[in-house]
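Remarks on the structure that follows.
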Amino acid sequence: MVIVMTPDATDEEVWAIVDQVESVGGSAFVSRGVSRTIIGLIGDVDLFETLNLSGRPGVARVTRISAKYKLVSREHRPEGRSTVVVGGVSIGPDTTTLVAGPCAVETPEQTLEAALMAKKAGATLLRGGAFKPRTSPYAFQGLGELGLRILADVRAETGLPVVTEVVAPHDVDMVAEYADMLQIGTRNMQNFGLLQAAGRAGKPVLLKRGMNSTIEEWLMAAEYIAQRGCLDIVLCERGIRTFETSTRNTLDVSAVPVVQRLSHLPVMIDPSHSGGRRDLVLPLSRAAIAVGADGVLVDVHPHPEEALCDGPQALVTEDLQELSQALDALGTLMGRRSMIEPWRHLRAS
Amino acid sequence: MVIVMTPDATDEEVWAIVDQVESVGGSAFVSRGVSRTIIGLIGDVDLFETLNLSGRPGVARVTRISAKYKLVSREHRPEGRSTVVVGGVSIGPDTTTLVAGPCAVETPEQTLEAALMAKKAGATLLRGGAFKPRTSPYAFQGLGELGLRILADVRAETGLPVVTEVVAPHDVDMVAEYADMLQIGTRNMQNFGLLQAAGRAGKPVLLKRGMNSTIEEWLMAAEYIAQRGCLDIVLCERGIRTFETSTRNTLDVSAVPVVQRLSHLPVMIDPSHSGGRRDLVLPLSRAAIAVGADGVLVDVHPHPEEALCDGPQALVTEDLQELSQALDALGTLMGRRSMIEPWRHLRAS
Amino acid sequence: MVIVMTPDATDEEVWAIVDQVESVGGSAFVSRGVSRTIIGLIGDVDLFETLNLSGRPGVARVTRISAKYKLVSREHRPEGRSTVVVGGVSIGPDTTTLVAGPCAVETPEQTLEAALMAKKAGATLLRGGAFKPRTSPYAFQGLGELGLRILADVRAETGLPVVTEVVAPHDVDMVAEYADMLQIGTRNMQNFGLLQAAGRAGKPVLLKRGMNSTIEEWLMAAEYIAQRGCLDIVLCERGIRTFETSTRNTLDVSAVPVVQRLSHLPVMIDPSHSGGRRDLVLPLSRAAIAVGADGVLVDVHPHPEEALCDGPQALVTEDLQELSQALDALGTLMGRRSMIEPWRHLRAS
Amino acid sequence: MVIVMTPDATDEEVWAIVDQVESVGGSAFVSRGVSRTIIGLIGDVDLFETLNLSGRPGVARVTRISAKYKLVSREHRPEGRSTVVVGGVSIGPDTTTLVAGPCAVETPEQTLEAALMAKKAGATLLRGGAFKPRTSPYAFQGLGELGLRILADVRAETGLPVVTEVVAPHDVDMVAEYADMLQIGTRNMQNFGLLQAAGRAGKPVLLKRGMNSTIEEWLMAAEYIAQRGCLDIVLCERGIRTFETSTRNTLDVSAVPVVQRLSHLPVMIDPSHSGGRRDLVLPLSRAAIAVGADGVLVDVHPHPEEALCDGPQALVTEDLQELSQALDALGTLMGRRSMIEPWRHLRAS
């Protein structure tokens, strides 16, 4: 059961609902969106119906639902697809967002250099990993909090808000102090404790699809985050595991329109990790925008041959120019705002 | 070992090479392309080297190779990607080709109606199945030769060349009499006898990827066709089998740029069969062109609710208009000739 | 709709049914089993019901069914699981059958040597390929009819009935002249023309599972064979394609009990092709018998290092002794007849 | 680089090595096994070689290796496969271990009843989940610490040591207080923080294979645990995700012999979760023992129709008798100690 509050509902009204639900043995999870608050109830629906919740102050709508996911479903945002705002930058149906940066933060110099490359190419958000989940315990695991400080310094210098991965529930608060958006990686898509912690952190979340997860499981993972109070979730398709070996994973572009029918959340694509090859990043990015994605997330590195992580897929300066032009042309063809125009405008004035 | 003949090599010069190779116990397969003839040799390469083939009349180049596929590989067409011409219609790097028609030929009326829909939307080739490989022996298996005659009649009426599937080696000659292009379906991609028969039939071949086949196996299947004398092969990605169940198969768009690095053959995409859902055909078609495919192959049906085969994925008239505009806009953005301009030009004159 | 005839139904009675069905526009397929004849009807079931078929002479039972497969389903053999007899050798619920031989027939000597190895180890059927479907057109494709003649000679010498693959419909009659059982390989499981030709050939058929096929598709492929008159079908699981790369394919042992719930047909396992590694053949063979399979099919080669096809998975003499003992011990534990006892008995008398 | 200490090496000798390695900028992880201590080094191998570690007191052997996993590899336990002891119960090459219990701990009564069923059937370890990672946030998530207390009570009553899942790093110490063995579930196989926490907890660990993980990734996950000091790891294959839908997952029995070639760790099979169907548990359990697994892990429930989690796959009393007899017969055939004899012996005395 889901309760949508009116836009001007007060905190007291929200907590009054929660108290009532808990008084009959139910649980209530409060999700605060930009424009309104939603309360998801867990427990005996028939009992809840005896509470006459729809007549309570601050309540706009009460819905009894059976869908497996509720808060992230399309039905529960009748006004259409969501826009998530990260440090002032929009991700949603009107924009083509380029998030770029190094796979791993290695040094202040490398991170700054990569961020400047990214910015010059039209990226409006900086990505970079300080905590790296690696298959091998003998591989580079990231710089940890030192990496987060580097990212914050580079943000100060470039103005680019930071998207960075968190891999353990007890790190969430620390990462949230530095980051503008928390990333949940593919291997943690069903790390439910981490999802819940991220949902409580008060920052937007980028949720990558598990490389072995169905679309339904992915939306259910988003629901875990939403249930803990965060509706500012951006989904990111990054390839699934199949028998094909010429690419690292198989990018499932169909997931974008499928998700958009089921959920109001924005969806991006990561063409770098799905293909694992630099030469595929540009064509897959074009496919991403053409299929309807709200943006792409790419690895860049000033010196890919020296990268400590995933060098073979990182773009270099020349690639980025071409990528940027392609994204802008395709995005405007799809009816989105130009990535370039506002900048031109600024330069002109 | 592969021998590329000069453009003006005579038949006698070609057969002289074949005789020599066979005289030392080897086999030679002659492949005649639009502009030149290639001979693929099988047997003891060291022995072949003693024949001094590169000095023979009509020989342009002799290459000793170790790639698993030769005739279809990129290296063996240094002048770049191929264009295949089907009944006067080009499929290749300069064009965006729309092939459309009913999944199965059911009646003359339904086929003509579908062909007119397709033509109006800018399709330049008509697809339609007279032989349908079906999972169940109790499902509609196609009209057979009667279906081929219907296709020929509809071609006469509309001017659209015909692409149609062949499912058994002994049907190849009959189908080739009616068809402008032979289609090998996903379930027959490793039906090697059928590949060889199709390669000898003197018609261009559309080779769909096996739903469980790697890209390497797909190119090897194309090599079977090429080895029997046909280089006019168009590859078609139509989705692979994965764990995801929200789409019938998972469209592997990455396959397009991967194949284009490895082979000179044109590559198309079939968004209808991969998704199995009408609402996905348009976004997946856009992704197809944006990723670099040379065209798309879609199911259309005047009355999908009555279709004997795959009705849920067939486009109707309104969809087709939108598809056609999207393909044209994206194709021109990708540097291809407009699908619409030539017709306008014709109408104007 | 399926009609089961009485055990003593005459040919005239069978054809009278067929005529009646055809007279109302239906199709009837006659399947002759060891003990009774079944007729499968395709067409308008309601119309068939007006024919009062159950009252006709020779008819034991008429069933209106909706299952996707009929003739091969468990329901249509209420007396239990089938036993298929190949050249006097039983494959079914009472026996543990070892089919062994070289992957490819190369020379008379190699084939005889392999057959003697197989026989000594308790194999009662000889396998060996004369037609080899190979991914690459440049790989050894088998000896063709010469290979079949070698197999026939080796059968004459050893007394082992022959199981051999057929890859094209037009070869079926020739192969059936030499073979005791026709094998349909994994790449041809949905080569429907081949299935139908094999079903008409009058010989038992070994149907391997497609490496990408679901169990339902597999049973549907068996139905194609059954519908053309052959119920003497043995299914063979040989591994499916997954993301795991340490084995060639992933042996799906669960398929055995799943199939046995759905179908009356015997099921074997091929541990050689699924694993692709000699060291896995013994443990996977044990798993096969323990999970309930009716036997195993293994590659043997007197000199695997010289094999033209799949050498790395072929067993040698010492392996075979151990395999044979393991199969016998496990088979008897599962309540099957000993593989060894009858031979001992023969030797004693 | 890996350093194997002598059996009588002192703690001081171990820490002296660690200090030396850290003094040159490396990291050293100490793993204490039953009979000896191993130190895994990370960092510049060439630098380490200058330390002359092999000459240090307490050092038995120094190996410079390139395998991706070290501590869990077969090469690093030349004396053969390991036996892991859990609360006095052995899991290893000499025994057939049956671990049974309810999927989820629901009530004290249900848990005790299930434990008594399990014990009667020859199970020597009790499994049961107090923390349940569930795809849906609206599904039953387990009783948490209350469930752990129930398990401890049931252990006191039945004498069966307890295996239970832990899903978050911060719960590890609490779970380790109650449990005899920590289970890492399939969705957490690459939750690296959890692996590391479990490795430090001082309890044996049961590591389930990720449903999408390769065998190499699985061993690498085990290496994460080993690197933090725990070599008492038991691997558990529980099915991988494939295209087949008639079973929940596809049990990869080949993984058992493949792992046993690569690693010294014991390997078990969970036939309940892989098949997801009660009727498959017995045949898959037989296949498990026959392929060489060291035991099986099954769900039992006194009243499966009321189970809060995975009821359809839970065994009931009659199934368990048959399972127990089959495991014992197959295990002894494989050369393992009988599961039943010791108990008979105890009853007799």
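Letters A, B, C and D name the chains as they come in the text, with residue numbers starting at 1 for each one.
Heads up, the rule we're going with is that a residue touches a chain if its C-beta (ideal position, glycine included) is under 8 Å from a C-beta of that chain, and two chains touch if they have at least 3 such contacts.
Just so you know, these numbers come straight off a predicted model, no measurement behind them.
J.: So which chain is the furthest away from chain C, centre to centre on CA atoms?
T.: The chain lying farthest from chain C is A.
J.: State the pair with the higher C-beta contact count; candidates are B-D and A-D.
T.: A-D
J.: Report the inter-centroid distance (CA atoms only) between chain A and chain D in whole Å.
T.: Inter-chain centre distance comes to 35 Å.
J.: Between chain B and chain D, what's the gap in Å when you average each chain's C-alpha atoms?
T.: The answer is 52 Å.
J.: I'd like the Å distance between the centres of chain A and chain B, where a centre is the mean of that chain's Cα atoms.
T.: Once rounded, the distance between the two centres reads 39 Å.
J.: Out of chain B, which residues touch more than one other chain, so two or more?
T.: 212, 241-243, 245
J.: Give every residue of chain C touching chain B within the complex, in rising order.
T.: So the residues of chain C touching chain B come out as 42, 68-69, 133-138, 167-170, 187-188, 190-193, 210-212, 217, 220, 223-224, 227, 241.
J.: Taking the touch rule as given, give the residues of chain C at its contact with chain D in the complex, in rising order.
T.: Contact set of chain C toward chain D: 212, 214-216, 240, 242-247, 250-258, 261, 274-275, 279-280, 283-284, 286-292, 329-330, 333.
J.: Along chain D, where are the residues that touch chain B in the complex?
T.: Those residues of chain D that touch chain B are 241-243, 245.
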